[in-house]
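For reference, the structures are reproduced in the following blocks.
Here subunit A shows up in two complexes: once beside subunit B, once beside subunit C.
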Partner chain A sequence: MAVMADTDERQVVPHRRSRWSRTDTLRGWAFLAPALALVVVFFIVPVGLVVYMSATDWTLFGGFTAMNFPQNFVDIASDPMFAKSLEFTLKYTVLTTVILMPLAFFLALLVQEARQWNKFLRTAILLPSALGIASSSLLFYALYSPQVGPLNPILDSLGLMDAQQTILGTADGALWATVVLVVWRFTGYFMLLTLIGVQAIPGDIYEAANLDGAGRLRKLRSITLPMLKPTIAMTMILSVTGSLLAFDQFFILTKGGPNNETLTTVLLIYKYAFETKKDLGMAAALSVVVLLALVIINVLQLRALGVGRSEEK
Partner chain B sequence: MTRSTRLRTGVAALAAAGVFALTACSDGGDGTDPGGEPAEEVSGEGIDDGTTLTMWTRAPLERQAVNAVEAYNSSHENQVELEILPNDDVEGRVGAAAQTDALPDLLAGDVVRIPYWTSQGIFQDLSEQIQGLDTLDDLQVGHIDAGTIDGAQHTLPFVTDISVMVWNKDLYEQAGLDPEAGPTTIAEFTEHAEAVAGLGTDGVAGSYLSGQSGGALVFTLLPSIWASGDEPLSEDGTSANLDSGSALDVYEAYRGLAETENGLGAGSQQETGATWTAPFQEGNVGVMPYPYTAVTGLFETADFEIGVGPIPGVDGGESTFLGGDAIGISSDSENAPQAWNFMQWLMSEDAQQEVFADNNDTAANLAVLESGYEGADPRTAIANATVEHGRTPVAVHFNEAFNAAGSPWQLLIQDAVWGDASTISSHNEAINTILAQ
Partner chain C sequence: MANLLTKRVVYYLLTALIAITFILPLAWAVVNSIAPNSATSQSDGYGLGNYGALAVYGEGLTTYLSNSVILTFVAVAACLIAATMAGYAIARFTFAGKGLMFVLVLSILMVPYAALLIPLVVWMSELGLDNTLVGVGFVLALFQLPFGTFVMRNAFESIPSELEEAAKLDGCGTFATFMRVMVPSVKAPMVTVGLFVFLNAWNDFMVPLYLLGPQNAPLPLAMVNMRQQVMGVIDYGLTTAGVVVLAIPAVILFLALQKYYIKGLISGAVKG
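The block that comes next holds the complex of A and B.
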């Protein structure tokens, strides 16, 4: 009997679990369905379409004509413009990130205490973030203009620039002019993110460090920086991703010039799709390459910063 | 069939449907069949029955387009709804619309883009209708040639923008030059520019060049090559001849100015085209090739006197770049007879007079150019006379080879005027490669 009872129990329990589990799963899917549909329609399908287009011969005016995988990728690999744009984009990304992040971190530390003048400083530093990147670019385009802007004559009179040159007219000038714009536009935003991270660090840790006689630098090195690691990882990913995808500022300020010296990879995608080749297939293939590069770089960044490792443990 | 098999079958069917839908979008537009289908039902004056027509044009020619549409709408049953596209958006909008069969009835575009659009089947074949036009012999042919493929004509002139030589008479006088006599050869051009440069006035230069704008460079430099008797492009638009003797002479003239103090205005090498008309407008340039549509507005407002003449060749002659927009009926239009009614009306002498001549703009009708500007500024007559010597370069891949930022043509000029002039032939080869693709 005991054996029979055991057998019955084994038969009943799995059956109950299975029925409960299926209902639960269905209910879960029902709750998930609206969000899932949105994700599929607005994220998965477009990315899937780009991947599909990247394997086709698809022109701007003629549409799809044939599958041609992997020709678009082969063309990209041997395209000197792609290599040139990639080199410039990486250079711009490193420059922007190296300047932007320490500056934002420094400013966040500067204005973290709730003093009256700090409120003014925070607002002033954050203000440019309220402007769109396109509007900011147009503002700087006017500032850099030799016809209407004040900077060209000032630099000229100070002997910092050849009278025949313009700020956006040389490769270095155009690069630095764009970096200045981007730093001006994004420092406040990155400072805000860092400030939130700084203020989330419990005060009693600093108090304990004070009791132990730790100085400012020691507290920065042993408390602030380690506890800000997730924030730093997030801002770095935002900076690197944003810089690798840079388009608006270059489209407005330099159009990739002079002589293709400031051509970013995304600007090249635009040029190939709508301006020079009118080849959506090749542009899509370039987009896929950029997407894969972004995923790899982001994973490497997270690993390098050790984000997620502690949680796993 | 198991559940998983059914699921796989369903997904496969969906994928197949998706692919079918994608390929169906491209129906009729594979780029292998140049030119659109003939607009067979269109004849004579077309139909004016109160149809609402849609039309796209680009922002730089908004004023002229609005004048044309307002004049047509006020005198016809049909009504044209005009949409102005930003210049940089045109290619993307037209391409997207072409793939979804959503092109407007009437489509006007930069004349140098027209050969590519026509080759992609964007326009209906209007050969029969164009050949039947009463005014055909009087029309400037550049905008018609741009839309002609394999003998089939697809477009007519919409707005004609020409390049002319302009000079600042006040600066000429200060430099001891005759203010009433503009340059008639390239040598005179450099001589005049150097004289103004020699004034040594702060901010004033002999001439100005838009070094980073392929479009502005073809607009200003090609006329000198045509006027010299050379052809910068082959007749079929598949090869370039931009290292010819006269072309080299033209580049050399500008190189000489670039090497002269104040010879070319500051920023010439870096000028992207965004502000290339400004230095002359501000009275800081002695003499330069210039868009006529941009100079007419200065006649009344500038605080200096302006001279206007044709663009000369190396040893004389004259020419101009017949730019602006050409117009055609899109392959998606279901109102071709009504759209043709607008186009044939626009080509009439009355419309050319009312829309263009009366507003001091350049008419496409040569008879109106000769006799329709009685009350206009005398300089308009000088500019108009250049149209009969004018040309429009026709090449399917013109935009990529010349107009696009960083194009080989732009690099050629950078090297020819400011850099290593020995690379001109290799840049010409790069242009050939693009044109021949």
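The block that comes next holds the complex of A and C.
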């Protein structure tokens, strides 16, 4: 998600008579053609199609069978699995955001000075960002395994786990195991975003505060935190929207188990389409629900951030 | 003095511990992938047995790797071409529909791709692109298009227009000016965009899961498939070897191009 909204037209060449010249239009669209093709074929058509499919009976192997407008949505609204997945997704989102953001903030402050050792540290913390969520999940799946993973015996001997259980075998274990994986994978990314914000704060503000005899905590509370508000808002948006759409990590680590205790809403789309119901119409309806929810959340958050109100350049 | 020294020691101990925590899982993957604990490696000592087993698993490692390479190449090429050209049009020409097109491209950011995969399952087969690496590469390119277009537009806007005017005086046409003068001056932002598309496409799992069968699986999907196919006994040696193979190109490129990664984050954070 980017913070961007300006479409200013500053490049108007003064000698031009009309606002839009014919050759500019032709050239402009010629240069836009590849992007336009991608957008029409792989974005506009699918968005239209998902809305259409959500109003139909469309089975995985039989294709379109009949229109049945509100039925898919009615089914979803009364579906206990949907309610359960929604509750879990929200819980997971709150948990990751609450852990990830303060941790990334703390680390950003810890490594903000430009010394050699800090550069190494930043790289070390950032390194997991190069890995995909899928490979990270596979890696942690092995780490959590009772056969080769070092964590299972440790937790066992500390008495933190029932000897009969595995880490991913209990609802709480699976949730926390996933949170740990996600924190490992994303902390560096959020730390760097915070760091970029911290470094944009003009140094003379701190110097003035030093002259006034402000202590470290005071400077954090009165300068750093308020000046970082836009950065904090942006990282929060990223964390919230990212977590609401969680899929790979749960597909790979838990498959939604045990007992559908870690079923996220996006994982439910996959299950409806290919596993439990083999019903693409129902999966499309659930996709529309997710899509609308995310668009609304994005718009609200962009508004809260002040994007689109006025452009400060 | 003593106080300062204690502070120093605490700082280095704490930060070293943090660094180790983040590196340890990757280091463990490397060690486990060569450890003699796997069901497939027959020998008792450390060795490359898991990698040997991975090479011959299913369609073979080379098939999955080349699937990953083709998919990533298509995504990077398609996104770079579309984003660079669109960024240029938006930065340099004034015409009806330009603003609308820019908003349309940016609106892709609003829509989670998880919601578009169900219609894509149907639509790709209508296009004859189902189960093709090129088709899935285009899908992956689309989702990086907003970031790419945004970065490229900013890059072109920061280039003085005298450069183009000089090329025009020398007799260059619009497209020649673009290729010979403009593109070479935005190489660095193109590397930034290319790196982000690469990391996303190389690592993507969800899009291939919906749209590609086992034969055309890129490595991340193949790793998950093989874990499920080895019924009952999960071969963790094979899994960690696969993770290492996947991580190597991404980590090398990431370390080499860190500067561009940070530039990308500054240009407007990217979807995580």
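Here is the rule we go by: the second predicted complex is superposed on the first by the 255 of 313 C-alpha atoms of A that agree within 3 Å, B and C clash if a C-alpha of one lies under 4 Å from a C-alpha of the other, contacts with A are read in each partner's own complex, and residues count from 1 in each chain.
As a convention for this text, a residue touches a chain if its C-beta (ideal position, glycine included) is under 8 Å from a C-beta of that chain, and two chains touch if they have at least 3 such contacts.
Model, not experiment: these values are computed from the prediction.
Asker: Looking at the overlay, what does A:Q165 touch: subunit B (first), subunit C (second), both, or neither?
Answerer: first
Asker: Examine A:P230 and indicate which partner it touches, taking first as subunit B and second as subunit C; both and neither are also allowed.
Answerer: A:P230: touches no partner chain.
Asker: Contacts for A:G256 in the overlay, against subunit B (first) and subunit C (second): which applies, first, second, both or neither?
Answerer: A:G256: touches subunit B, not subunit C.
Asker: After lining up the shared chain so the two structures overlap, which partner does A:K278 touch, if you call subunit B first and subunit C second: first, second, both or neither?
Answerer: A:K278: touches subunit B, not subunit C.
Asker: Between subunit B (first) and subunit C (second), which, if any, makes contact with A:P146: first, second, both or neither?
Answerer: In the superposition, A:P146 touches subunit B alone.
Asker: Is A:T65 in contact with subunit B, with subunit C, with both, or with neither (first, second, both, neither)?
Answerer: first
Asker: Counting only touches as set out at the top, which of subunit B and subunit C does A:I196 meet: first, second, both, neither?
Answerer: A:I196 contacts subunit C only, not subunit B.
Asker: Between subunit B and subunit C, pick out the one touching the greater number of residues of subunit A.
Answerer: Looking at subunit B versus subunit C, the one contacting more residues of subunit A is C.
Asker: Taking the stated contact definition, name every residue in subunit A that is touched by subunit B in one complex and by subunit C in the other, in rising order.
Answerer: Overlap of subunit B and subunit C footprints on subunit A: residues 58, 63, 141, 145, 147, 273.
Asker: If you look only at subunit A, which of its residues touch subunit B in the complex?
Answerer: Touch residues, subunit A against subunit B: 52, 58-65, 141, 145-147, 163-166, 168-170, 254-260, 263, 271, 273-278.
Asker: If we count contacts the way the header does, which residues on subunit B are in touch with subunit A in the complex?
Answerer: 19, 22-23, 25-27, 29-32, 91-92, 94-95, 98-99, 116-117, 120-122, 212, 266-272, 274-275, 278-279, 282, 399-400, 404-407, 410-411, 414
Asker: Mind listing the subunit A positions that touch subunit C in their complex?
Answerer: Answer in residue numbers: 1-5, 7, 9-12, 16, 19-21, 24-25, 27-39, 41-43, 45-47, 49-50, 53, 58, 63, 107, 110-111, 117-118, 120-121, 123-135, 138-143, 145, 147-150, 184, 186-189, 192-193, 196, 234-235, 238-239, 241-242, 245, 247-248, 251-252, 266, 269-270, 273, 280, 283-284, 287-288, 290-291, 294-295, 298-299.
Asker: Hey, which residues of subunit C end up touching subunit A in the complex?
Answerer: It is residues 12, 14-15, 18-19, 22-23, 25-26, 28-29, 32, 35, 37, 78, 81-83, 85-86, 88-99, 101-106, 108-112, 114-123, 127, 138-139, 141-142, 145-147, 149-150, 157, 161, 174, 178, 199, 202-206, 209-210, 220-221, 223-224, 227, 234, 236-237, 239-240, 242-243, 246-247, 250-251, 253-255, 258, 261-262, 265-272 of subunit C that touch subunit A.
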